[in-house]
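Shared chain: chain A. Partners: chain B in the first complex, chain C in the second.
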Partner chain A sequence: MIALGATDTLSFRRWLALSLAGLMAFFGIWWITAASGAVPPQFLPTPLAVFERFVALTQSPFVGYTLQQHLASSFGRFALGFGLAAAIGVPLGLLMGWFRWLDAVVTPLFDALRFIAPIAWVPFAALWFGTGIGGPVLIIFSGAFPPCVINAYRGAKYVEPRLIEAAQTLGASHLRMIVEVLLPASVPSIVAGLRISAGLGWQSLVGAELIVASSGIGYLLVKGQSNISTAIVMSGMIAIGIVGFTIDALLRMLERRINRRRGR
Partner chain B sequence: MNPKGRPEGESAAKRAARRIVKLSRPSTWAGVATFVVLFAAWYVLTTLTQTIGSGRFPSPGETWEAFEQIALTGYADARLVAHVLHSVKLVLLGFAAATLVGVPLGLAMGASRSVEAFVNPAFLLIRPIPPLAWIPLAIVWLGLGDAAKVLIIWFAAFVPAVINSYSGVRTIEPYLIEAARMLGVPRRLFVREVLIPGALPMIFTGLRLSLQACWTTLVAGELIGAIAGLGHVLYQASLDIFPAMIVVGMAAVAITAAVMTIALGVVERRAMPWRSTR
Partner chain C sequence: MSDIAFRDVTRVFQRDGTDFLTLDHISFDVRDREFVALVGPSGCGKTTCLRMAAGLEFPTSGTVSVGGKPVERPGPDRAVVFQQFALFPWKNVYENIDFGLRSKGMPEAARRERIARQVELMGLQGYESAYPHQLSGGMQQRVAIARSYVLDPDVLLMDEPFGALDAQTRVVMQEELIKLSRVNPRTVLFITHAVDEAVFLADRVAVMTRRPGRIREIVDVAKVREAEHWDRYERTEEVMDQESFVHLRTRIWRMLREQQPQEAALET
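Let's look at the complex of A and B:
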């Protein structure tokens, strides 16, 4: 029944019952398909088997490291690539928002490069920086960079003109204008950009590690794939999901705190 | 106003004049100048001074030769056109399948709290897993062929299609829904005349996002293992340490993505003629 609008509210009990039913259907279908033996367990293990493998991976090393160590090396690469993207992208965006000539020079270039999928940098990343840490970092950087630039630029462009005029009347230099007027005014937009950029960076990291890496969570997935062990692959996917979710939740918290402090 | 946002009945001469005004804007020239300077720098550094060796980055001449090779005689078992068509075909297949399942599911979740409560928990569990992480699973299940690629693209497009159709329904003005209900509009008509048109702007936002995700995912999938397609070209070129072909492959990836985005924009304008664009 289509019932929209204010009158359409579920009682909490009905909501809970339906949600539980949904979860049970999801895991039930999975469990029955796996347990019935219609699909070999190598290809579709039961949810319990995946959970057991997940726990086992955190205790005994697989392809050299435990799950936590793989995650730690992935996270190190992510932090480096994301940090570089933010450290270069945000100032560049602000400068583009202030100096028109820079905007005119960089924007067409940026638009041309933006269409290259981050993952397409893989061959050059491997050729220039190798498969240790440099290669994956370049790919994360190319995924995380555009949202940093775009949001800082937009933030700087939509600063209230009277703030800029006031600062100009008081004789602010270019540097002070950018650091003391544009930057504080565009913080919400920048943080929103960082959140998008972290999501894309984490995705690009996974892609990069699937192809060019010799450790990390993506590498664990590839090795699980070549051993034809769906349980390992699924454990890795779950770990990726949890870390990605946590990164997003932390940045969302930061975003909310900043917006609250600014009275929004 | 017509969809292009120009006044009606504008003469051809005026339109041409407008275009010239646009061309003579300083920003356009700065953009052109950037590309000219970059191209010159590329030529000087790789060909004249050879500061950058051809093992690191190719010269314009080498890149052109690589382009001629793949366009005319072929590289990695096929010509450029065949690779592009192969990749585009897979993206469109997966994209269409995800849209056909995802949009109705999102609409149903938006229209009914019960459907939402039932589907949401499972959906929330799957959502944080990036599409690229499905690649190894798809390869275990379906091997290196086209079926695995379509499955991965399906996953990439499915989540944004559902989320945006859902929020599209939720952003329909309540008075439209109440008016339709007061007039006793039958359900089928309600879906066709209120629900879908109301959610369409958000649906297209979702489709645009998911098309990009599809393309990235496919290139990654083909890089990991494929027998044809642009990702396969990139993979082969990096095995052969053939930087010129890598550049050609990357350019082909970018141009194809741009063309598909523009095509979707055209479809969007056709599907929502009542909306004047920007």
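Let's look at the complex of A and C:
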């Protein structure tokens, strides 16, 4: 037996082989369970049946749209909510990291608000926006905003003091301190925050669409449920997983690239 | 006039609720365009003195003034060269040197010209677009010095600027600093715990006691340097071979050693 402890490093090949083995085991157990008839097919269709339904959803509309269109409408909301969260959260975090008074003003409020789970914003969003674009965007924002603020703030707080002092002795204004010192020094932390933020945002989105939308991947799930089609529900879940994984992979690539450029 | 004046400066640090007296009623001056080296045992408060002149720390009592005005905040009139260089890793050599000039609101053409001159003076030609992590320690320190010099500051504060360099680079940098200060003399406060370096570079050497830091004695090196014509010699090792140099160095060594009655270990 080869011990694979936390300290062992894996070659890429072995890593890939083990990952594939995990996936295959998952699908294998699923297949055997479904095919054995132990669970009725309405509740657990075979992987093949789900795959067929997945393909069918990409070709013919379900509740108004094809799967791609549902995903596109979800992604639009996600991009808007996530973009807003990043555009407001990152500057706010940096400012809080520099101006102590702002930190004191914002932190208590922020700490209270961030414990309201995105899903808990749903009733509020529904009251304010109905099924319009505003509701889901608000809910995604509520999920994606805190990591943006927190990571930018931490990044700014943990900038090496000597760099801040160097900038001060070179006569940097507040603006230049934030834009040219705190921001670039915090980039690794900010990008890590964006990854967490995108993950939470994407998760919140689906939650939001379950309730306050008339299109999108979450809406597809709800309608699949009311049609008692486990295959549709599972297709939707797989699509959510794939898109989430892709977003994360892209941001991870960006993260690596930035860290490499800085010689780390 | 841009002299640095420490008047009756006391500094108390608080750690874990206890007061530590680090500087005890210190008074000394760095005269206009004079090069003063501050030497003393580790933890005697030399760096604190420099940071107070820079406006990064403040005395508990007493005053530190530059050009007759009490220091209130950091500013580009008092350039600092830090021991660990403190270059901005995300800016290339040119942008690092440009950082302080931009604070002065100087037009771009004028900045470019001044940077070019400074780059040449420090032997950094061809490295303008390199990033700090691509440079050796010696080159990084040249950039840090260029970044300060380019501002044409009245006062230059150097905190063990060569401490992180290997012995050979260190000597080269010392010789260059001497040349630079002949071309364009400034008021310099230079922290080091290398006695050789202090005697080689400074007009006067202020020797501090161990904590709580006081000024033990101020040694006039310039007088000896002029009397013995050290300037005749091009190289550090030639100056350091002079009997007068050795004599001064030994004198300062003794003063420092007296500060450490129990532990004989003294850093060079």
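Everything below uses one rule, namely that the second predicted complex is superposed on the first by the 234 of 264 C-alpha atoms of A that agree within 3 Å, B and C clash if a C-alpha of one lies under 4 Å from a C-alpha of the other, contacts with A are read in each partner's own complex, and residues count from 1 in each chain.
Going forward, a contact is a pair of C-beta atoms (placed from the backbone, for glycine too) under 8 Å apart; a residue touches a chain by one contact, two chains touch by 3 or more.
Note that the structure is predicted; figures quoted are calculated from it, not measured.
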Fill in: Partner chain(s) touched by A:Ala126 [first = chain B, second = chain C, both, neither]
first
Practice prompt. With the two complexes superposed on chain A, say which partner A:Ala185 touches: chain B (first), chain C (second), both, or neither.
Written response: second
Discussion item. Per the contact definition in the header, classify A:Gln68: touching chain B only (first), chain C only (second), both, or neither.
Written reply: neither
Discussion item. Just to be sure I read the superposition right, which of the two partners does A:Gly171 touch: chain B = first, chain C = second, or both, or neither?
Written reply: second
Worksheet entry | Greater residue coverage of chain A in the superposed arrangement, chain B or chain C | B
Worksheet item: A:Arg162 contacts which: chain B (first), chain C (second), both, neither?
Response: second
Item to complete: For A:Ser214, decide between first (touching chain B), second (touching chain C), both and neither.
Response: neither
Practice prompt. Please identify the positions on chain A that touch both chain B and chain C, taking each partner from its own complex.
Written response: none
Worksheet item: In the complex of these two chains, what residues of chain A are touching chain B?
Response: 1-6, 8-10, 14-15, 18-19, 21-23, 25-26, 43, 100-101, 103-109, 112-113, 115-124, 126-128, 202-203, 206-207, 210-211, 218, 221-222, 224-225, 228, 230, 233-234, 236-238, 240-242, 244-245, 248
Worksheet item: Which residues of chain A touch chain C in the complex?
Response: 160, 162-163, 165-173, 176, 180-181, 184-185, 187, 262-263
Worksheet, complete the sentence: Per the touch rule, the chain B residues reaching chain A in their complex are 26-27, 30-35, 38, 56, 111-114, 117-122, 125, 128-137, 139-141, 169, 172, 174, 177-178, 181, 187, 190-191, 195, 215-216, 219-220, 223-224, 231, 234-235, 237-238, 241, 243, 246, 249-250, 253-255, 257-258, 261
Response to the item:
Within the complex, chain A is touched by chain C residues 54-56, 73-76, 78-80, 82, 84, 86-91, 99-100, 102-104, 131, 133-134, 147, 151
